[in-house]
Amino acid sequence: MKTPQQYLDSLAAMKHNVWMHGQKVDRPWEHPQIVPGINIVALTYEWPQKAQHPELVTATSHLTGETINRFTHIHHSCDDLQKKVEMTRLYCRETGCIQRCMGIDALNALSVITHHSDAMFGTPYYGRLLDYIKYFQANDLVGNAAMTDVKGDRSLRPHEQADPDLYLHVVEKRPDGIVVRGAKAHNTAAPYAHELIVLPTRDMRAEDADYALAFAIPADAPGITLVCRGAAPSTRHEMAAPVSSRYASVESLTIFDNVFVPWERVFMCGEWQLAGYLAETFATYHRHSYCGCKPAITDLLMGAAALVAEYNGIDKAHHVRHKLAELMVTAELVHACGLAASLKGQPQTSGTFLPDLVYANVGKFYAGTNLHHEMELLQDLAGGLVVTLPSEEDYRSAELGPALKKYLAGPAHLSVDDRVRCFRLVEDMSASKFAGLLMVAGVHGGGSPEAERLAIYRSYDLESRKELARRAAGIDA
Amino acid sequence: MKTPQQYLDSLAAMKHNVWMHGQKVDRPWEHPQIVPGINIVALTYEWPQKAQHPELVTATSHLTGETINRFTHIHHSCDDLQKKVEMTRLYCRETGCIQRCMGIDALNALSVITHHSDAMFGTPYYGRLLDYIKYFQANDLVGNAAMTDVKGDRSLRPHEQADPDLYLHVVEKRPDGIVVRGAKAHNTAAPYAHELIVLPTRDMRAEDADYALAFAIPADAPGITLVCRGAAPSTRHEMAAPVSSRYASVESLTIFDNVFVPWERVFMCGEWQLAGYLAETFATYHRHSYCGCKPAITDLLMGAAALVAEYNGIDKAHHVRHKLAELMVTAELVHACGLAASLKGQPQTSGTFLPDLVYANVGKFYAGTNLHHEMELLQDLAGGLVVTLPSEEDYRSAELGPALKKYLAGPAHLSVDDRVRCFRLVEDMSASKFAGLLMVAGVHGGGSPEAERLAIYRSYDLESRKELARRAAGIDA
Amino acid sequence: MKTPQQYLDSLAAMKHNVWMHGQKVDRPWEHPQIVPGINIVALTYEWPQKAQHPELVTATSHLTGETINRFTHIHHSCDDLQKKVEMTRLYCRETGCIQRCMGIDALNALSVITHHSDAMFGTPYYGRLLDYIKYFQANDLVGNAAMTDVKGDRSLRPHEQADPDLYLHVVEKRPDGIVVRGAKAHNTAAPYAHELIVLPTRDMRAEDADYALAFAIPADAPGITLVCRGAAPSTRHEMAAPVSSRYASVESLTIFDNVFVPWERVFMCGEWQLAGYLAETFATYHRHSYCGCKPAITDLLMGAAALVAEYNGIDKAHHVRHKLAELMVTAELVHACGLAASLKGQPQTSGTFLPDLVYANVGKFYAGTNLHHEMELLQDLAGGLVVTLPSEEDYRSAELGPALKKYLAGPAHLSVDDRVRCFRLVEDMSASKFAGLLMVAGVHGGGSPEAERLAIYRSYDLESRKELARRAAGIDA
Amino acid sequence: MKTPQQYLDSLAAMKHNVWMHGQKVDRPWEHPQIVPGINIVALTYEWPQKAQHPELVTATSHLTGETINRFTHIHHSCDDLQKKVEMTRLYCRETGCIQRCMGIDALNALSVITHHSDAMFGTPYYGRLLDYIKYFQANDLVGNAAMTDVKGDRSLRPHEQADPDLYLHVVEKRPDGIVVRGAKAHNTAAPYAHELIVLPTRDMRAEDADYALAFAIPADAPGITLVCRGAAPSTRHEMAAPVSSRYASVESLTIFDNVFVPWERVFMCGEWQLAGYLAETFATYHRHSYCGCKPAITDLLMGAAALVAEYNGIDKAHHVRHKLAELMVTAELVHACGLAASLKGQPQTSGTFLPDLVYANVGKFYAGTNLHHEMELLQDLAGGLVVTLPSEEDYRSAELGPALKKYLAGPAHLSVDDRVRCFRLVEDMSASKFAGLLMVAGVHGGGSPEAERLAIYRSYDLESRKELARRAAGIDA
């Protein structure tokens, strides 16, 4: 397993195809908007080295028997699934979003679907994938999952779009590989990932066969351009809340301009019948991950809410406890779904364990449709200062500082500096660009509420419930 | 294990202390308001005999190694806890409320607390309890848990009440046992249980020591009067929905008029320091049970909703699927908590496994504060006929029958009789005295939402979340 | 204006076409399930006589200038609309549902649409209607609005049904009138109304022309059969809550078996283009009425909740006040919509004032999707006794009475009898057949939430909001 | 009435006591973070000049009979109240928050309470206030309402704070006036208001008499320092959404360092018995204003949601319409409360009309506890691009521009530039510092949800509802 420094070195060795604010970024690993993202991922290299929660953050490879980073592991038991979701919660408590989950969620999904594909179509994908996974584990790589196409007019299927490139597709098949064109959106961590793992974004029909495409490729391969956007505060200050100034993920719109992919990295190419199944299987893994990360965000919001109440002198008020309890309920409903999805996980034909689809979806759905209300509760307990607190420059200035320190005091026994820091945290977590990312990722990360609702409805055994009702009603079916 | 018939015979052998509608009931096991309750419990004797779900409905006694009914089992693993909650869901899908959970929830709680009591106070309770459990298992008994006192003025503690009997208390200690007086409310299944297992209803202080009381006693012991109330439809018809006419629980207000309890049946008497802990431990077991039964009720409501939508010809409508998905989410959020509470169960000093308190409470809390909305969704899909459908007498009458059959038709390929049955089911489940019981039991069974909120708030590790927030804010604690 | 006695006498003079429980009811005005409905309507004759709220309960006829019962008035100002909604709240506070609103809502809707019809199609309806309204006012009549057809398969239009009679339609046109066949459901108050005012239930197409039908007819006209169902408690006791034992509405499934309607009573016959408009206009009036009645029901639920909290000794608890405030918010959000719909009412071409469609719909929608939660709050504050309180026979019996009186005590200074009465009220209001009617009527009365959502969406000026957004975004539209 | 230019000139004539980011701002009326606030207020001078909605934006002074800006008017009828709430909605549709409401809300509240004060205590406040109002109207002034003290430890009363200055108080009374010290927080518009109108923030006791203080003072009076914070995007771009780059309010923490106030500007000084009443009366006026501005924000969010759905090609989807309808319901529930509060407004002893307290509070409460959910709906319909859209610099760059324009296309018939603008708007409105201000102002502006809940509970006629319930239960009170 790599050390954090080795991870940084490996990034520095990559070609530079990262753009931000209209300019190519020379040294992405030093850019102030990208460093906070790298800091997060570096933590996943640090904990295994420091043996923090070793049983959670490492695993034993089913391929080589070696100890590997769990973020490169293919789950082979319910316990693996449970550990993934618990590891995710721990990492995300520190960082908001650990980012590295998506790559391994993609590889697990591929390990399920390529096995089916080979059985159904005689394709050679599963063996290729195992080779790739060995390489991935041996080099302790970070993979981004590039799934969501830009999609153009969403009422049209891929092949119906005005511009055929609005979904990523194969434009040429060569003896040694394929050439692809298109763009993928919302690619978290792409500028500091080693690999892009590309998946189809939806179900396909025969006419869409060119769009039924899955492969892995180095993130700096020729023809790839990453147009990035960070969520970190634009300036860093002494009192900026570390959680957002030290840790903040970066998203990329990734352009594939006639990119060549060698066959040994191609895991789906034309098997449109399995495209939707692959998308859904990845979504199940990723929604399962959300059952770890979203409770972690609630942990942070809840801690901030309890803290700011204390700094306001209202922590004993009944309504404050009521609201904190509401946050506790939300966190644990979601995490319970993560645990239940693990406990009810099932081995697939390849031996890979898949979390229960319904529980994974229910957990993400509940998380995604309650996060804004959690923000509301936090702001409710904090008060208007969240958005009216004078700037740090004012607070530090010789002229205004003493008066501000005087008037921003809370309960006398608590430090005013700390009170100000606490409000900065609440601002960062709930009333900033960073908060915007948290909220939108809460709704759309891993799929939208409508996608989850549909997945639940489709997979749920409604017929057995109707049968119960018939029996209860005395109807002979 | 007893057969259903042996259970019925054992009831017939009991003394008759059951009252209903102002009259002593001569043969309670034949009373039309009580039979539906007995039918439910009889099912718990039937499934083990028929080997239906044998791994769930039976267990191996940790005391004797014999196969016993799981409703007499002391949990000794996370798997035991999971099986309890899954068994509960299966039984309740047929019956709404299986009733027999509470007795074994009480015995499990006693097996935890008496062990503590002996360690703290040198009491002899745990050994006594094991003897009692052996007897309970050997005779495959049904226990009611008599917990909630009538409580008088709830703003006062037990010893402060105007009438000292408003909480059950010990009035005399004799060499051979104790004499108790008071009343317990909401005693489900009491008129067809063999045993009452009496627990304290709340935390106590030193002045309340006489109220810190737990014991077991035959339900027909001298001095006990059961004033009962059933929820079954008052008349049974051919088309009445079996779920409420065949199955409906009975509640008792149980009066203890100077009842003698021999010492070997006494498990707490004066140890006020543990009264609240016992109450809370029982509540944890029982809220864990609700994570099985409430999803089962949602299963039924959901099935009825899907069915009635079909009988109305609207099952393809988008909003209908949306509402069914909402029911699915509710069912599985609650059940996920049951599974998570099982998975995170912990052995206590006696070896008994206790489900995780937070998950058990979160599950029951969510269930209890969403059930009315589920009723709303069901009624929404059904329409006004739920409450305006003409009576069965009208439907069967020679004069009106043909016209009603004509005008109550739904989609042409579906039976009108079945459509009417379906509406009767919806009426029974959502707009009747039986529905009233479901709703109130949903809110208050196992404790009120406020009690659950308090239990969550008190047990939750909020400090660790504040610490997270301090770290995220850059505050040195 | 009639006296209550004159109203009763007028009922006794009607022919008997009322059925209940499979039997023709000889003297409907004395039937224990029907009397509670009559009692309600009688109140609308009593208040004007006793000059209770005279400015609200009476009005000045725009046709004759005479003082009339407001339940026979055609609204001619915003103030009229406001008075209607405030009158409705006052009456419904006493009775739950005053029932007489629907007839006048129907006549107001007809006064709008017949005027349009005459202008569009040269029909003679408006003049006929004015004659009928004069007769209705002069005789101070009660009108039922028979709108909802039984509808069969709801995915099919009227003319597509397997049985053409599943929507009421004209089967013959004669020189002197028309003959109609079909059935109307959920006809509140029909067995003690003088007149049935029949309206189409939905929008129609040309093929449905025979179903585009509106007329008025005496409720005892030849060929009409009323199959009824009451919501009153089946037995009346000393302690039964008056609100449900004295007052409870009756619903009828009304069968029209080749009923003759003279032309002077026909207000739509074939003008399918206006059928949906008439249905929607009636719905707007009726949803406006719900902005009066639903807050009244909340007033009752809130009063019961505050009272039962007091009888439990918990009225000072913070969460209790929080829940009462929630009920206050619900009541006034709905009533505010009633007031706003009145204030923004607009005269139509006939001079009749129509409440604002959006506000009327928003109010009813909010009411209908919150009532179940209100029930939950009431039950939450009341506790399990709502469904486990022993029967009045037990409470009155010589053997059990003293013990029950002892154990059902609340705070010492409050009467136990009154506490028991209070729980009976909560039971009646939230956990009974009567409560079932309240809930279903809350959801479906005046139309379902989906119907309201659609009406809001269709009528709302969304384009102007998009224009705002374009301007805010700097988009040149 | 002033022209916009005269308003700007008047600002330029003021002394400079505005600080931002640690520096005194030389020319506040040109600062890029302050200009967007000034732009908003300037609109209130523009519309009267251009005769846009003249009946709404101007009024007739009850003191002079002259036509004045409605933002300087004392309401003298229900119609005045209704016009205020409707004017507010129109202005806020363009600007998010019109800011000028608070000054006139404060003057109206003072016109009610000073009249009571004079009657109770023989004070000379009402006459002074009328003189001040004449001056305010004649010069068409902008007043900030400086109400919220910084409050220190909120569990302590003003006189109990460790530092007596944590609530603003009188430190000296002179023959010609008073000297005050302390600080007021969240002072919207203060850096471009002419006057600060200072009000007490809560109820007081006798010991707090020095804190019972109300007065008006020029915003640039000696001893006043405004520490400001803006919510505008830090940089302006061609495609920035005008609503936040052109219009964004500024908040000030206002420090009063021994500020002298002449007696003719003092309206409360020591009358602690009326301090809470004044605070509540201002809150009622201001919550009434929120019933205009919050629906306007929903109008904007709804418009943006409908627009972005169109740019995504999903505007026909059922769930999209469902969500838009939800936004419509929210907007109109709140606005209905504003209309109802106007309609039920009552004249106070001074002749000033006060909106109904319950409706004003219910409206603001509902708005403040639903805004975050509205943001969620908007983000739900928009998708991840809200936070992952590349920057404008990327979009405009020669290298990336063509590819981004290609891949950010939506439905082919819609402009890509406009689609990008639409996403910028959604970002600004829901996922930015500006959005943070909207959210926090939604919760806390005019008081927190707890304050509103308490106001509703205290003012509501609960006793009459309990009486209803007693009558319904058959209880003789």
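General remarks:
Chains: A, B, C and D, in written order; residue numbering restarts at 1 for each.
In this text, a residue touches a chain if its C-beta (ideal position, glycine included) is under 8 Å from a C-beta of that chain, and two chains touch if they have at least 3 such contacts.
It should be emphasised that the depicted structure is a prediction, and the values quoted were computed from it without experimental measurement.
Taking subunit B out of the picture, touching still joins the other chains into one piece.
Just one of A-C, C-D or B-C has an interface built like that of A-B, with over half of its contact pairs in common by residue number: C-D. The interface with the greater number of C-beta contacts, when A-D is set against B-D, is A-D. For subunit B, the chain whose average C-alpha position is most distant is D.
In whole angstrom, the spacing between the mean C-alpha positions of subunit B and subunit D is 51.
Chain geometry summary: the mean Cα position of subunit C and that of subunit D are 40 Å apart. Annotation: 38 Å between the Cα-based centres of subunit A and subunit D. In subunit C, the residues touching two or more other chains are 319, 322.
Chain-to-chain contact here is organised exhaustively, every possible pair of chains being in touch. The residues of subunit A lying in touch with subunit D in their complex are 19-24, 148, 150, 152-156, 162-163, 165-166, 182-183, 185-186, 225, 227-229, 231, 234, 251-253, 255, 257, 312-314, 316, 319, 369, 371-373, 375-376, 379-380, 383-391, 393-394, 396-397, 399-400, 403-404, 406-412, 427, 430-433, 435-437, 439-441, 443-445, 448-450.
By the touch rule above, subunit A contacts subunit C in their complex via residues 318-319, 322.
Residues of subunit B touching subunit A in their complex: 82, 93-94, 239-243, 299-300, 302-304, 306-307, 310, 321-322, 324-325, 328-329, 332-333, 335-337, 339-341, 343-344, 358-359, 362-363, 365-366, 415, 418, 421-422, 424-425, 429, 453-454, 456-457, 460, 462, 464-476.
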